[in-house]
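One structure, pasted below without further comment.
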Amino acid sequence: MKMIIAIIKPFKLDDVRQALTSLGVQGMTVTEVKGFGRQKGQTEIYRGAEYTVQFLPKVKVEVVVPDDMAERVVEAVQTSAKTEKIGDGKIFVYDIERAYRIRTGDTDTDAL
Amino acid sequence: MRSLLKPLAPGGLAAVLLPLLTAVAFAQETTVVEETVVAAAPTFSAGDTAWMLTSTALVLMMTIPGLALFYCGMVRKKNQLAMAMQSFAICCLVTILWMIAGYSLTFTDGGALQTYIGGLNRVLLHGMAIDSVNSLAATIPESVFMMFQMTFAIITPALITGAFADRMKFSALMWFMAFWSLLVYVPIAHWVWGGGFLGGAGVLDFAGGTVVHINAGIAGLVTCIVIGRRSGYGSENMAPHNLTLSLIGASLLWVGWFGFNAGSAVTAGPRAGMAMTVTQIATAAAALSWLFTEWVVRGKPSILGIISGAVAGLVAITPASGFVNPTGGLMIGLIAGFICFAASVWLKNALKYDDSLDVWGVHGVGGIVGAILTGVYADPAVGGSDTAGNPIAGLFFGNAAQVWTQVEGVIVTIVYCAVVSFILLKIIDLIIGLRVTQEQEVAGLDLSLHGEILH
Amino acid sequence: MRSLLKPLAPGGLAAVLLPLLTAVAFAQETTVVEETVVAAAPTFSAGDTAWMLTSTALVLMMTIPGLALFYCGMVRKKNQLAMAMQSFAICCLVTILWMIAGYSLTFTDGGALQTYIGGLNRVLLHGMAIDSVNSLAATIPESVFMMFQMTFAIITPALITGAFADRMKFSALMWFMAFWSLLVYVPIAHWVWGGGFLGGAGVLDFAGGTVVHINAGIAGLVTCIVIGRRSGYGSENMAPHNLTLSLIGASLLWVGWFGFNAGSAVTAGPRAGMAMTVTQIATAAAALSWLFTEWVVRGKPSILGIISGAVAGLVAITPASGFVNPTGGLMIGLIAGFICFAASVWLKNALKYDDSLDVWGVHGVGGIVGAILTGVYADPAVGGSDTAGNPIAGLFFGNAAQVWTQVEGVIVTIVYCAVVSFILLKIIDLIIGLRVTQEQEVAGLDLSLHGEILH
Amino acid sequence: MRSLLKPLAPGGLAAVLLPLLTAVAFAQETTVVEETVVAAAPTFSAGDTAWMLTSTALVLMMTIPGLALFYCGMVRKKNQLAMAMQSFAICCLVTILWMIAGYSLTFTDGGALQTYIGGLNRVLLHGMAIDSVNSLAATIPESVFMMFQMTFAIITPALITGAFADRMKFSALMWFMAFWSLLVYVPIAHWVWGGGFLGGAGVLDFAGGTVVHINAGIAGLVTCIVIGRRSGYGSENMAPHNLTLSLIGASLLWVGWFGFNAGSAVTAGPRAGMAMTVTQIATAAAALSWLFTEWVVRGKPSILGIISGAVAGLVAITPASGFVNPTGGLMIGLIAGFICFAASVWLKNALKYDDSLDVWGVHGVGGIVGAILTGVYADPAVGGSDTAGNPIAGLFFGNAAQVWTQVEGVIVTIVYCAVVSFILLKIIDLIIGLRVTQEQEVAGLDLSLHGEILH
Amino acid sequence: MKMIIAIIKPFKLDDVRQALTSLGVQGMTVTEVKGFGRQKGQTEIYRGAEYTVQFLPKVKVEVVVPDDMAERVVEAVQTSAKTEKIGDGKIFVYDIERAYRIRTGDTDTDAL
Amino acid sequence: MKMIIAIIKPFKLDDVRQALTSLGVQGMTVTEVKGFGRQKGQTEIYRGAEYTVQFLPKVKVEVVVPDDMAERVVEAVQTSAKTEKIGDGKIFVYDIERAYRIRTGDTDTDAL
């Protein structure tokens, strides 16, 4: 199985979720994160001080899928998360050895 | 062209306001002394004055922090500071405008034009000496009456902000509210309370159902249509981000409304007591009415529902509060809770305008319901007689004509307010633009307009 | 059976309340006019009226938003909206019940039954004309007196909600509070203030130590025992989720309590001033007393500690506030702060009931301490004489018997309240069930009962 | 040595306070009765009393929850409870100290020492009977006057806490505030209002520009310099964590300030009305002045800016509020908003002291601006004449000398307050230490001092 | 070493923590996440609108352990996080190349 | 490419960010997490109850870099996050198979 991690713009979450479910993905896990990258944050002002918000709000989507779906999932995220503006985010893929479903004890692709 | 003018926005506002203020301020400096000649020392009632000072504080509390909280809890997290900011900024802006001209144009004698607008006697409060009296409030100092009325002039434009939440430029907001106050609020308040033609025609509006709520409701509806829906409307989750804040806000509105309605008696006597009573009853009845309707229809009683119902009740009883008995208050509340629920939930969804926080659904519709039901439930045992000696009575007390008088008042207000608000908005849109960019809207107004966020 | 009846809950409440209201409302419509025949125009004091209008607003502010915030900050995040909702909903519900029958049964003459319950003269406020007077408050309009007392009837049931936080069904809550108000609060208030047997026996309760606080405290204790502990009690972390909200709440309770205690003088005179003074001193003393006890015993002075102490002081001074001098206030505060700390921390842990927000520990125990100490510190130089001309004095001023009178008042209240509350709870449990499901409790009441969450 | 003494901190405070209280309390017990002999029953004005009871509640609300919220929203999340706690604890502490000695030393006759300090007549409020009167407020009960003044004594030290936010030990804070109240606030209040030499010299300070704001501002500046900067100052992001809380706080300060300024008329009459009017105008003007300055200079109008400006305006109008006309109020507001902006943004950055929440920049500087401009704009048509019959007039009304009198008052206050505050801080630092450890500071005061966090 | 990621129901966190410490696990890292899966969210209502909370609150536990402990850790989580109701969550296992303790510079299994 | 996960003390985030950018790292993703480990939490008190905060606030930094940079990144984090007090945190390293930049579709080291 593959873990696909996508760091995306928060307002794109719904689009990504829909793109994935229409591929047949049954579950995913989402975390609010802060991203630092080429996209520069906006400036906060504050009595006597002014500083740039270095970290911008992003959303991290983690989804584990069988090896043969990985490619399609990456493409679906690519398409649905793109705004073509700087800061759209990244996708990282790596290998997962084992997966378990806690409720039933199912393992590996059965667990997803 | 817009982008060229944009940097002018703050400078423009400041450039118009500050020198103007400074100039006239100094002009007045030298003349204020001679003005203090007053016929005979008036005798003020300390009791009435105490209550009106208190009422002024209560009504100010309705806007800041009451309304600021009520609204800011209902928007998304990224816009909450901007939302609260709007009520606060309007409070400051209208204070100065009311001092400069608003009070004078509303509550002093307009001479030949009195039917339509007040006079210039009190521009910059010129001539309001420490012991002056306004004949509309004979037992308290004019300064207190002026301040009490100021708090009404403040809350009315602040109410409008809920309709176009999350998408208007702050500079456009300030320009719009400045002109709206002087060109819409001031004349309508004069027509109803200041000796103008609506009050003269017998339109009953004890504490501002027409002047404040219908007025704000219509302006809100027009604005939200002109400016368009929030981006993401219908697809993104726009549920209130923190209803605890809204519940505090609604509570402070409720408590402060005692100043609004009972204060509108302008004395600390039985009429204030009865106004407080019917206010409380109508509010509770409307809150329960909305709550139970929602519970039955949608399966769950919501916090947003009960507080919306309470505000709907407060709005609807406002015009009636000095005229109806407790039973009248109860009925007005029950009816208003249900109708405002329908307007905010069904009507809005059917017509697809994005009146974000239901200014029209609650204040507009609630104000209309209240204005008309005042013509139904007005009880002469509470309201007494008018200046001509005729009992102030509604349909149920033998005076069916009052209903039509009320409807006329409503129509005049709606038409005038809608037309002027529309023109104002179009002009401002042309010159500096009403709406933030799509990018600013997505980032949230807190950061993009004010450079501040919640940590 | 429960599940069959469950859907009836909202409908049931609505079905009972609304048509009833409508029916009687119209019935009264025609008769209200003829009622307004009043012997001679009473002379109201504008000063007293101003203060009582203000006090009413202050006491309403204690419940919404004061108590709502105080409680909602102390529960877990997932239950905060539901907690605040309860105070708000009770405010609406009791307003209507007080109008329908509560006020009449408490404060009008019950004729032959006067020892136990008031009359039906003012059902639906029938006959309360704009210039009516209640003889208990001769210088203000009856409407103001009725409203002031209504705010007490509102806060008492709202106080109870802290005891069973996070686990009661909203429908069960509404039914329980409706009956509890009429069957427990109304009679006890009548016994003490409305001409019933406790007041007649000389029980001193200036502003509601017995009627409000012991009453709510006992009802809370009974309820939390009947309904059982929160699931996860003792194992999960149930620390307050946002003590800033609780601190705002406690502050508004403190400020509002000036209306509660000084307002109970029903005049704007020296007695109100002295009541305000002792309230302030007792509150500060109790807050420091709890804070320092905790600091010494547990090593850290906590926010929850100081605000709990302040509320304990407010509670304890309530019955005494019109009778004791500043020194008495100081002593009552110091003692109450310490005893309530012990009750909330040690007693509760020892006995293992889950009085979630310490309604019993603070209001019940604090109320008892205050009631008894009123019998100790009552100073005739402050309280004057009773109607029979005897000085109102406590143990330290030569009248040891007063302590026993106070104890009797406490016992009667405890027994009556406990028994009736218990029966009511059992009946409601049988018919619709008191408690949410385990799943709803774990998910949090905000989402499961009201469909709303904090974003 | 410090570490040995540290555990004594809570015990020490308690050990000093509680037995002392108990002892004197009982001492007084027996004597309070005989004191109640009052010459002739005074006639109180119910209207004035109503307004002063209300004003007292309003000014208490300024500190809790007003100031508590204003400050706690501006610190980082990990210190918010500790920040709010400080205002609450000071409220409790000063209440008791004011009762014990503060009131007596400020507002009773000091005999031979009257120029410098009041007498001991009212220690523990000994002899303040229910119908006593203080000659400074002839129409209301002394208890009400004492309470009203207490709320001023409470807010002044609470204001200081903003300057050294996030780094002082709670025990050190309590010791400092206890002594500061008695050794700095009490004498200065006596000098200006209680019959001391500043009031005698003609210094005008209607509601506390000097006594409250300059005093707190200077103490704040001294404290933040003595205690040093927050660790991480200049490198870590210390932006306000929740400006919604600060906006609520600022709003409640504004509303409560009506009690502060209009209440300082000590009557419900025209002077109160005019004081309320100029307060409102100056506040709005200062808020807009700060907002527009910031908008032009920094490109964005911020929430922190508008609320800071409002508070600056409230501060600056305070000394002037009973003496100037509306135009004067407008000018004072416009000037104060701009100067306080400069002080809080430019001056602070230039000099690199860490006055965390700008107590000096807003209250110190705003107070000085207000005090001096009172000498410019005082209008005899508003302020009338002094006891010697001379009109109370400023520079623009022909009395240039008043400006210098004002400056003298400012200088005396600054020097006395700075010196005594400095000595107090050094002594406390020596004995128990002023500052938390670096580790506690990084972990946040909420958890490390009070054992509580926001969940 | 193995990274074991467990997505569990929030109120089970304490049980899981105890189960792991009793196995000798010395540390772990916990994140509040939102999960999307078979378990359907409850409905939020809101004036004129009604929508389902798609994402349910979950807790993600990350723990790195030596290879030979991995099996036992997975079992301990399985047992302690199970309620046998839908939505109990998943466990994912994958390989970690290197670990460091920042304070001391210890590496690999010494760092855990 | 390597994923480097660092669990650090929150107030060290800025130092770590600077250390990484000065190495030429262009982006990273940050999450607020709660850590359980040797460092014991402080005690919260609460009417009638007292409990230790088991989980301390930490920050998780995730950064993906080309293989040859991994060593230097680990060192930079080590140095910049160290306070030499207990609780400084951990660094975990593992392999990433593929990376994508959503905006452009760039892959692998070009995507970072």
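Should a chain be cited, it is by its letter among A, B, C, D, E and F, assigned in written order, with residues numbered from 1 in that chain.
Criterion: a contact is a pair of C-beta atoms (placed from the backbone, for glycine too) under 8 Å apart; a residue touches a chain by one contact, two chains touch by 3 or more.
Everything numeric here is computed off the predicted structure, so don't read it as measured data.
> Strictly by the touch rule at the top, which chains does chain C share as contacts with chain D?
Correct list: B, F.
> Provide the C-alpha centroid distance between chain B and chain F, rounded to the nearest whole angstrom.
Roughly 52 Å, centre to centre.
> Find the geometric centre of each of chain A and chain B from their Cα atoms only, then give the gap between the two centres in Å, rounded to an integer.
Centres of chain A and chain B (C-alpha means) sit 46 Å apart.
> Multi-chain contacts only, two chains or more: what residues does chain B have there?
In chain B, residues 45-48, 50-51, 54, 239-240, 248, 268, 300, 302, 304, 451-452 touch at least two other chains, as defined above.
> Provide the list of chain A residues touching at least two other chains, using ranges where the numbers run on.
Chain A, residues with two or more chain partners: 31, 44-46, 94-95.
> Pull out all the chain pairs that touch, please.
The complete list of chain pairs in contact reads A-B, A-D, A-E, A-F, B-C, B-D, B-E, C-D, C-E, C-F, D-F, E-F.
> Chain D touches which residues of chain B in the complex?
Interface residues on the chain B side: 10-11, 13-14, 17-18, 21-22, 25, 28-29, 32-33, 36, 44-51, 53-54, 56-57, 60-61, 64-65, 68-69, 72, 80-81, 84-85, 88-89, 91-93, 95-96, 99, 124-125, 128-131, 140-144, 146-147, 150, 170, 245, 248, 268, 449-452, 454-455.
> For chain F, which residues are in contact with chain A within the complex?
My answer: residues 3, 17, 26-31, 64, 94-103, 105, 111-112.
> If you look only at chain F, which of its residues touch chain E in the complex?
My answer: residues 2, 6-8, 31-38, 54-55, 58, 60, 74, 77-78, 81-95.
> Considering the complex alone, what residue numbers of chain C touch chain D?
45-48, 50-51, 54, 58, 76-77, 239-244, 247-248, 250-252, 254-255, 258-259, 262, 267-274, 276-277, 280-281, 283-285, 287-289, 291-292, 295-296, 300-304, 306-307, 310, 325-327, 330-331, 334, 379, 381-382, 396-397
> Can you list the residues on chain F that touch chain C in the complex?
44-51
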